[in-house]
Structures are given as C-alpha cells and as structure tokens.
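In the two assemblies presented below, chain A is common to both, partnered first by chain B and then by chain C.
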Partner chain A sequence: MPSTRAGRPRSIGWGLRLWVTAVAVLLLAPTLVVIPMSFGAGQTFAFPPKEWSLRWYEEFFSSPQWMSSVVTSAQAALLTGVLATVIGVAAAIGLDRGRFPGRELLRSAMMAPMIVPGIVVAVAIYGTFLRWHLNGTLLGFVLAHTVLAVPFVITSVSTSLAGYDSTVEVAAASLGASGWTVLRRITLPLLMPGIASGFVFAFVTSLDEVVIALFLQTPEIRTLPVQMYDSITLEIDPTIAAASSLIVVVTTVALLLPQLVRRRRSES
Partner chain B sequence: MPMTTTPAEPVTPAGPTVPGEPAAVAEPRRRRRAAAGWVLLPAVAVLLVFFFYPLATIVWSSFTEPTVGLANYTALFTDGVSVTVLLRTLRTALIVALVALVVAYPYAYAMTRVSRRTRAVLTVLVLLPFWTSVMARNFAWYLLEQRDGLIDRFFSLFGIDGVVLLGSVTGVTVAMVQVMLPFMVLPLYSNLSSIDLRLMDAATSLGASRPKAFARVYLPLSLPGVVSGFSLVFIVTLGFFVTPALLGTPQQSLVSQVIETRVGDLLDFPGAGAMGSVLLAVTLVVLFAVSRIAKPTAALNQAVDRA
Partner chain C sequence: MRPSTAPTSTSHGIRISGVSKVFPGLPRPAVDDVTLDVAPGEFMTFLGPSGSGKTTTLSMIAGFTPLTAGSICVDGEDISRLKPHKRDLGVVFQQYALFPHLTVTKNVAFPLQQRAVPRADVEARVRAALELVGLADFADRLPRQLSGGQQQRVALARAVVYQPRALLMDEPLGALDKKLRDQLRREIARMHRELGMTFLFVTHDQEEALTLSDRIAVFNNGRVEQVGTPNELYERPSTLFVAQFLGESNVFADDGAEVVVVRPERLELHAEPGAVPDGCRHRKAVITDIVYVGNHHRIGLRFADGTEGSVMRLAGTALPAAPGESVVASWSPRHQAAVPRPAATWGV
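The block that comes next holds the complex of A and B.
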C-alpha cells in the first residue's frame, strides 16, 4: 500500500473489509438458526425442520411450566435490578467521595464477583443457600443475582461520577439546599445515565444467569434460562427454539430502537 | 439515605479541606465525606454475607473436610482424572482466548478506521450477541454442531462426512470462541481507539514500511488492549459452565463440568471446593500477572458503557 494513503481515515483495504464482514457474520449468523427452528413441526431438534408450524410458540405461551419460568425470571430480574441499583449507586458514591485508607482495595473487592470463575461462585452460593434454606426461593435468586450485578452498577455509576463536577453540589448547598435536597435534585439527576445503564446491566445479568439458578432451582421454581437448559439436557423440548427466537427478537429490538431514535434526533 | 441522619462533626474533618474555602461551604462537604463511609455499608454487607462468606466456606471446607489437611488437594493429583481435566481446561481456555484475539483484532482495528456510521453498525453487531441470552446462543450452537446439523452438512458437501462437533472439546472450543468474541472486541476497541493513527504516518514518513510501522509502533501501543481482552476471555472461559455442559461430553469434561457433577450429584463440596480453589488461584495469578498492564474487567465495562 502506498504510504501516502497511510493516515487517511475511512480507507481500509479489501482484505480487512473481507475479514470484518466474515467476523460480522460469525457474530450474528449462528444465533439466527433458532428462528427457522422455532417454526418447525417435528418433535426433535433436527435442523432444518421438514415441516413448519407454530406449535412451539403455542406450547410456549400455553405451558404453565414455561410461563411460570418467565414470570419467575421477570420478577427476579426486576427485583435484582432495583436492589443492585440502590446498593450499587450508594457504593459508587461512597467510593468516589470517601477518603479512607484501603479505598482502592475495597473497590477491587467489590469487583470480585466479576472475576471469580462462574462455576465456583455458583457452588459456593449453593452450599451456603442450602443451609439457609434459600434455594428454591425467589429471594435466593434475587440475592445471588444481586451479588453478581452490583459490580456492574458500581462501574457504570463510577464512570458517570468521573466526569462529574461536584462544585454544583457545593453551590446548591451554599444556596441553602439540605443534603437530601442536593442528593435528590442535583446528584442523582446528573448521575442518571450511569444509574440507568447500571440498572439495565443488573436486570439483564439476572435475566440471563443460568449457572447459579441451575443449582438453586427446585421443581416448583425455576427461571427461564434454567427451563431452557433443562429442555435441552433433560427433555428434548423444541419449545426452547420458540423461547430463544423471542429472546433474540426482543433483544435486537431493544438494542436497535435507541440507536434509531438517536439517529433520527441527530438528523432532524 | 443516611446522608441527612449523619451528625455534623465539625471537629474531626473527614478529609482535606480546600484552603481558603469559606466555612459555610467546607462544612457540608465535610459532612458528606463522613456520610460517604455509611453509604458503602449495604454493598459491603451484601457482598460479605452472600459472596465472600460462601466462597470462604467452600474453600475452608476443602481444607477441613472430611479431615483437616490437604487430602482433597492430594486427591486431585492422585485420582488420575483431575490433573488431566485441569490441563485440558487450561489448554481450552488458552486456545479460545488466542483464536478470539486473532479473529477480533482486525475487526477492532477496522472499527477505529471507518466512518462514524459504519462504526455504529459494527458496534451494534458486537453488542447484539453481548446482550443476547447465553442460553439462546448455546442452543443455536447445539443445533449447528449436532449430527446432520448445518456444520455436518456443510462439510459433507466437500465429501468430508461425520463432522459432528457436538460432544467434543473441539465443539466446545468453536462455540466458546464465538460466545466470547464480544468480550475480546470491546476491550480491544476501547484501547485501539485511543491510539493516535498519526504515529503510523510518522513512522511511514520516516521510511518504515507499513507492516514494519504496524509491528513496531501500532502493535506495542495496542498491547494493553490485547492483554485485557486475552486475560478477560481466558478467565471467563476457565469457569464457564453452560457451553461445556451443553456441547461437551463427560468423557472429555472441563473443570466446570466436574465441579458441577461433584456438587450436583455427589454433594461433595470439599472435593469441588479443592478444584474451585485451584481455578480461583489460576485466576488470581493471571490477574496479578497482568495488573501492571491491564485491568480486564474495567476495560470491558468502560467499553460497554461507552457503546
């Protein structure tokens, strides 16, 4: 390549373009096979299906087992989202404002759930929750998922705090606002983007978590990912294809919608 | 919020005051700093009780049950399987991280070189799998890798029959690479986007060839991103359960499968704890080794936040 083209942005070679396209396909395509699978009619996972039907969607929405797992997951995710956000926002502010020895150590300790191997966390929590009779309860799922989610909230809010000018708080306080008013009217609104993304992180962490939930499940209560897991390993239940397709579609829409809105806004 | 309930402590300042600051301004700031310690309490309590305590319990039990000593650890070396499983897991994690790096690097690099609109598209393409259910993605790989699945059929076109990846370590590796790709691309991109591309121009204008400028200027600058992504994927792969459990086989199991079996079927917490402790130790060693250059989890979070 001639050196004169070196620094020009927006010029990438054909080789790189090909590579990027291939990786894009690799990122996206494999997951999409669940969609044709979900419209199959057969009792097995044979792909592509020989006949087509909507029976697995029907099954998904009419099966008490699948529906109750959806409800459990939604409850757990919502409660985890709220609990982790409240705890995480407070902790992020504390870590940012506090001046005490060992602050960085504490911050690292709070990030630990992100790096301890997933399976180890799962069996550890399972062992303890068995003794405390928290397995098979919604509270058990929520507490375990909160532990995993808090670090995400702390990092999101910390990012917001990093670009935060605390003199506005001083200004508000000097104008007579009480500590509570400053928090409610100044601090939290300014941190809103970080708090919101922390909540989404926490919500999705719970919604997607399989391994701990796998251990904590009982026949009476299981989350959606666990129901999906069991439908592959225990019973060959193609309903999972319908569930997966719905998840893929919902995720895609949820992710693309803000992008499209942002673009429209910037164009108008 | 405990902020309002904290009594004012005018005598003991919780932090340095700004010199020349009027007392009316410095006072509430001091109070807020004193309160800062209290707002940490809920998070500390939750993590202590529901994370560190369970973790400590299982590690403790691996040293004390059924008898006090290293019996559970010596058993790892003498039972004939555990060492094989551990080595297989380390090798798999290495391969996954390496392949993911090779696949992701050019992609992340391209993300820094394209127009804003294209970059937005490439970012969404990475975020989609990142946010999509792990179960859905692993189920997809189950479909692809099974007998008569698309991969099997594809190779049959070329006369290579019986490429059934399901139930093999290869199958697990292939799927893991794809599942882990976002964890590689995001920290990489986060780092690569901070590299000043004019440095490459400077190198070439001074007579270096493009490949040489890349190898001597760009690559070294991207090292923190490479280390971040690599160690992150390596660590996450080590303890990943879903993919090995669904796509692997008990005959060639990885550590996470063995731990699950021990706890789930045998309720052997001490034995599982010993294996888990080894996994934990490897993780800590890796993190410590890279701590000078990279903070893998922070890099990932920043990247996701910015996207």
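The block that comes next holds the complex of A and C.
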C-alpha cells in the first residue's frame, strides 16, 4: 500500500473522470459555442456557421462605440487592479498583524461586498455618486469596482500570509533593516504570488462587472459589458459574439498567466 | 582563512542591569531583576529549562522584546530603548530565518547593503564570511537547496559579516540532529576563537553549555541562579537547582539549613563502614542497578533515608559489588558542595 502511494499519485477512477468531464462540458460549452459563432458570415447567429468570415470582428474594431467601451473597460480594469491591490495588500497585512479591538468586525466589513447582492451595492453607489457627481466618470467606475475587488485581494494575500514565517522580518531588523526596508525587500517579495493573483482577480472583477456599470453609465462613457448588454437589448447582431469571444480570451489569459509564470519559475 | 580577508572585530562588553520583563496576564515575571556582566570577547551561555527567561533576556538584548525595567548597555552606551536595526548586534535563530527568496550570497550581503558598504567590499567580505563557515561553493544556491546544517552556517555568516558588536544565538543547534549538532558546535567554538567577538549563546543543553562557554549563567524561574565557569558551576554549585541541572548529583541532608551535594565520580564504595578512610564522610546504601554506559558504569544507589543517587566508575575497573548488596558510600569533604536547603519542597 505505502509503496504505490509513494510511487505515483493514484489515478482517479473512470466513473469520476466521466463525471468531471460532463460537469466541465456543461460549464464551458455555452462559453465556447460563442467563439465559432463569432466567425460566422451570416446576418444572424448560427452554430455551427454555414460560412466563415471575420466580418463581425471588422464590425467590432471599426465601431467607435465598441472601441470607446473597450478603452473605458481597459482603463477601469487596470486602475481598479492597481488601487484594489494597494488597498488590499495593506489591509491584509494590517488584519494579519494588528492586535486591535474590532479587528474581526473590520475584516467582515471589508469582505462584505462579496456577500451583499450586487444590485443593492449598485443602487447605493448610484445614489451616493449622484451627489458626488461621479456618475459617468472613469473615477466613478474605478472607485465602485475597487470596492468589489478589494475582498479578492485580501483573500489571496491572507492566504500567502498564512504560510509565512515572520521570523525573517525580525532577522532582517537585527541585520540593520528599517521597517520600510523590511517591507520592501522581504515582506512584499515573499507575498508576491498572493499579490499577483490578487491583482489579476481585481482586474477581472472590474472587466466583467455589469450591474454597477449599468447604473453609472452615460451615453458618453460606458464599459464593454454594458455596451454588450445594450447591443443585445436594442439590436441582435453577431458583433456581440466577437466581443464575447475577445472577453473570454482576455480573462482566461489573465487568470492563467500567473500560474504559467509560477510553473516556469519553479521548473528553472 | 587568510588573515587579510577574515572578518575581525574589536570586542565589546555587555552590561545587563536589573532587567525585568512582565508579560500582562502572567502570574510571575518572565525575567526578574537580572544583572549580568559579559566581558569583551567572552563566550557566555544562558542555560536553563524552557520558561526560565533565558530566551526572553536574549530577545531584550536584541531589541525584539521591550524591557519592563532595567537597562542594557554595550560599552557603556544604553541600547535598551533603541530599535533592533540600530543596535548593531548579530542574531542567529533556531529556525535559521534565512530569506527564502534570496541566494546565499544575497542573504549574506543583506546586512552590508543596509550599511551602505561599497559594492567591491561587499563581494570580498561575503566571500570571506562564506569561507569562514566553509560554504564558499554554495554562494549561488537558494536556502531551500541547502541542508539544515548548511542553512545555519549561512545564518552564522550573515550574522558576523558586518562585524557586529556581539553575536547572539538562540538555541542555534536545536533544530539539527545529533551528528550535525556536534559538528556545528565545534564550528561555533572555532569561529569564536578566530573572530574574538563577544558571543551570547542560549541553550537548554548542558553539554553545549559546558563545552562551549567561558562562563555560564544558569537561569531558573526568570532569575539567574549562578554565574561562573563550567568548572565552577560543576564543582561548586551554589544552589541545589544548579547542582541538579548540570550533571548528576548525590544530595545528602546535612545539619541546619544546608544540604550537601557530591558528584557521582567523587563517591567511593566500601563493603563496610570500617573501610572508610579517615576524615571522610559516609552513608549506607543499597545498589539498585549497574548500567554500562560506553566508557563507564553508572551504579545506582538507594541510601538508608530512601533517596536515590549514583556512582560513576570507569569501564575496566573492578566493580565493588553487585545489585542488591549493601555498601557504604564515602566522600572527602573537599569534594562536597553545601547549598541552601530549598524551602518546604525538600523533604529529607
């Protein structure tokens, strides 16, 4: 018994394999169907397409409306990623090291956006931002999305902190490093895997957020998901298939990138 | 080791005066009014059981734990309110505490970079420090690619490369297995000779303390019971705790408020009271067991008053009696140490 366990991981049974495949197909198929559809040549959605073409991609990239929403989404996602990472890393370290009354309450409050229904957050933000004149501004999208994204950063950085021996910080101090140097040269580099995946989660959270963005949009400024939503409700047109395919590819790459980088680094 | 590249340092003394540490919520102080003088270049060991306050005292010297009372001076300068990174002391931890994301070279260079040492000097000094601990060939490895013993050597190199005013070590051999522990212990002794630096060493292992130290401070219940050379502590313990913590002891009730401690190798065994030499003191005993311990026999005794004791005999000498037989144990008063009878708990 122990020899087989030590030799190689026991392969999973056929029944389980079948089940996992079925679940994966069920989850992924609708998303993947959209990709061949986006290469169709017909005027309406067809799967599989009778003829192939890039016309919907041409439509997509030549439309000022689609393009401006792509730019807005990219800007909002990048800025949200940076802002949420800075706030989330500081919060995770503070919640891990701090010994103050109300610490658990504060943690719950910061994690709340994960639990509170999106529509409730959206209405509240809409009302507040009306007063602050933030509706229809890039800053408004970034601030709202940061609130949603911070819990993801806190979660992934807290996971890194859980397996982290802080004796190295004490050692660094004894060797002459000030508190700031310890943070910069020891703590942050050691937490980098958690920080990087936190950033990616924050980026993706902003990129595919639609409910709040619907409330904050104006005809002049809207994000890509909102543009997609509008295009579905107003006119059915396979351009949206092209847009969807692009978003699927971008988010998949963003989520896989840290893992690929980590695997390459551990191999070298 | 070429003298030109060897880390050298002028030695510094440490004075610990009336230092106490009270942790809120604990019934007694972790460290209770400790005063110690560590001479420049001395190898001093804090020896004691866990919870005796030795590690807390070291942590206060390093600056990781704030003092409740007292002061700590290095060469007359009060450092007790300084942050750890301003104290210029080297610290070695039980679990090595190497930076896992930096190579051996970068670990050892770290303290030099904090001191803005020119790049060319950094390289030479890192190499010299790694040669000192015999790890020059491992400069580009990451800590996780090294064994525990090698990691602790890197930690030692890192803690002396900047010539700190003293090297503090908190159970540095505690995480290693027996063979590596003995090997690294000899390395630490050699480093002390070569560097001439003041070493403070914390351990609960009496063998480490006896073999390494110039002087030992024995800690118990947050206090220093006795400070002295290994020989003084062994031959002239001033408390029963010291006598029993360091080596084995036979403890005999004496007149008044004192008990008498005699080491096992100082006892002689005789068949009858008449054979006891003039001027020697003696007690009747029964041999309980005889154990062969490599180079000597340990003969277990039960004295007439019911207390247990032991005699040590080198292997190869004739054994005086067999288990179950009655004997008389004698010793010269020159070889006894009288210590205060502990309050209440000692029921001789």
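In this section, the second predicted complex is superposed on the first by the 219 of 268 C-alpha atoms of A that agree within 3 Å, B and C clash if a C-alpha of one lies under 4 Å from a C-alpha of the other, contacts with A are read in each partner's own complex, and residues count from 1 in each chain.
Definition applied: contacts are C-beta pairs under 8 Å (C-beta built on N, C-alpha and C of every residue); 3 or more make two chains touch, one makes a residue touch a chain.
Just so we're clear, the structure is a prediction, and the values are computed from it rather than from any experiment.
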Query raised in the report: Should A:204 be classified as contacting the first partner (chain B), the second (chain C), both, or neither?
Result: first
Query raised in the report: Does chain C touch more residues of chain A than chain B does, or is it the other way round?
Result: B
Query raised in the report: Is A:170 touching the first partner chain B, the second partner chain C, both, or neither of them?
Result: both
Report task. Considering only the touch criterion stated at the top, classify A:113 as touching first (chain B), second (chain C), both, or neither. Result -> first
Report task. Could you say whether A:232 touches chain B, chain C, both of them, or neither, answering first, second, both or neither? Result -> first
Query raised in the report: When the two structures are overlaid on chain A, which partner does A:62 contact: first (chain B), second (chain C), both, or neither?
Result: neither
Report task. Could you say whether A:189 touches chain B, chain C, both of them, or neither, answering first, second, both or neither? Result -> second
Query raised in the report: Residues on chain A in contact with chain B in one complex and with chain C in the other?
Result: 170, 173-174, 178
Requested in this report: Using the touch definition up top, name the residues of chain B that touch chain A in the complex.
Outcome: 1, 3-4, 14-16, 24-25, 28-29, 31-33, 35-40, 42-44, 46-47, 50-55, 57-58, 61, 103-104, 106-107, 109-110, 113-115, 120, 122, 124-129, 131-137, 139-144, 146, 148-150, 178, 181-182, 197-198, 200-201, 204-205, 210, 213, 235-236, 238-242, 245-246, 255-256, 259-260, 263-264, 269, 272-273, 276, 279-280, 283, 287, 296-298, 301-302, 304-305
Report summary line: So, in the complex, the side of chain C touching chain A is made of residues 62-64, 83-85, 87-91, 93, 95, 97-101, 110-111, 114-115, 155, 158-159, 162
**Report entry** chain A residues touching chain C - in the complex, by the definition given at the top
**Finding:** 165, 167-168, 170-178, 181, 185-186, 189-190
Requested in this report: Would you pull the chain A residues touching chain B in the complex into a rising list?
Outcome: 1, 3, 6-7, 9-12, 16-17, 19-20, 23-24, 26-28, 30-34, 37, 45-47, 86-88, 90-91, 93-100, 106, 109-129, 143-144, 146-147, 150-152, 154-156, 159, 169-170, 173-174, 178-180, 183, 194, 197, 201, 204, 207-208, 210-211, 215, 225, 228-229, 232-233, 240-241, 243-244, 247-248, 251-252, 254-256, 259
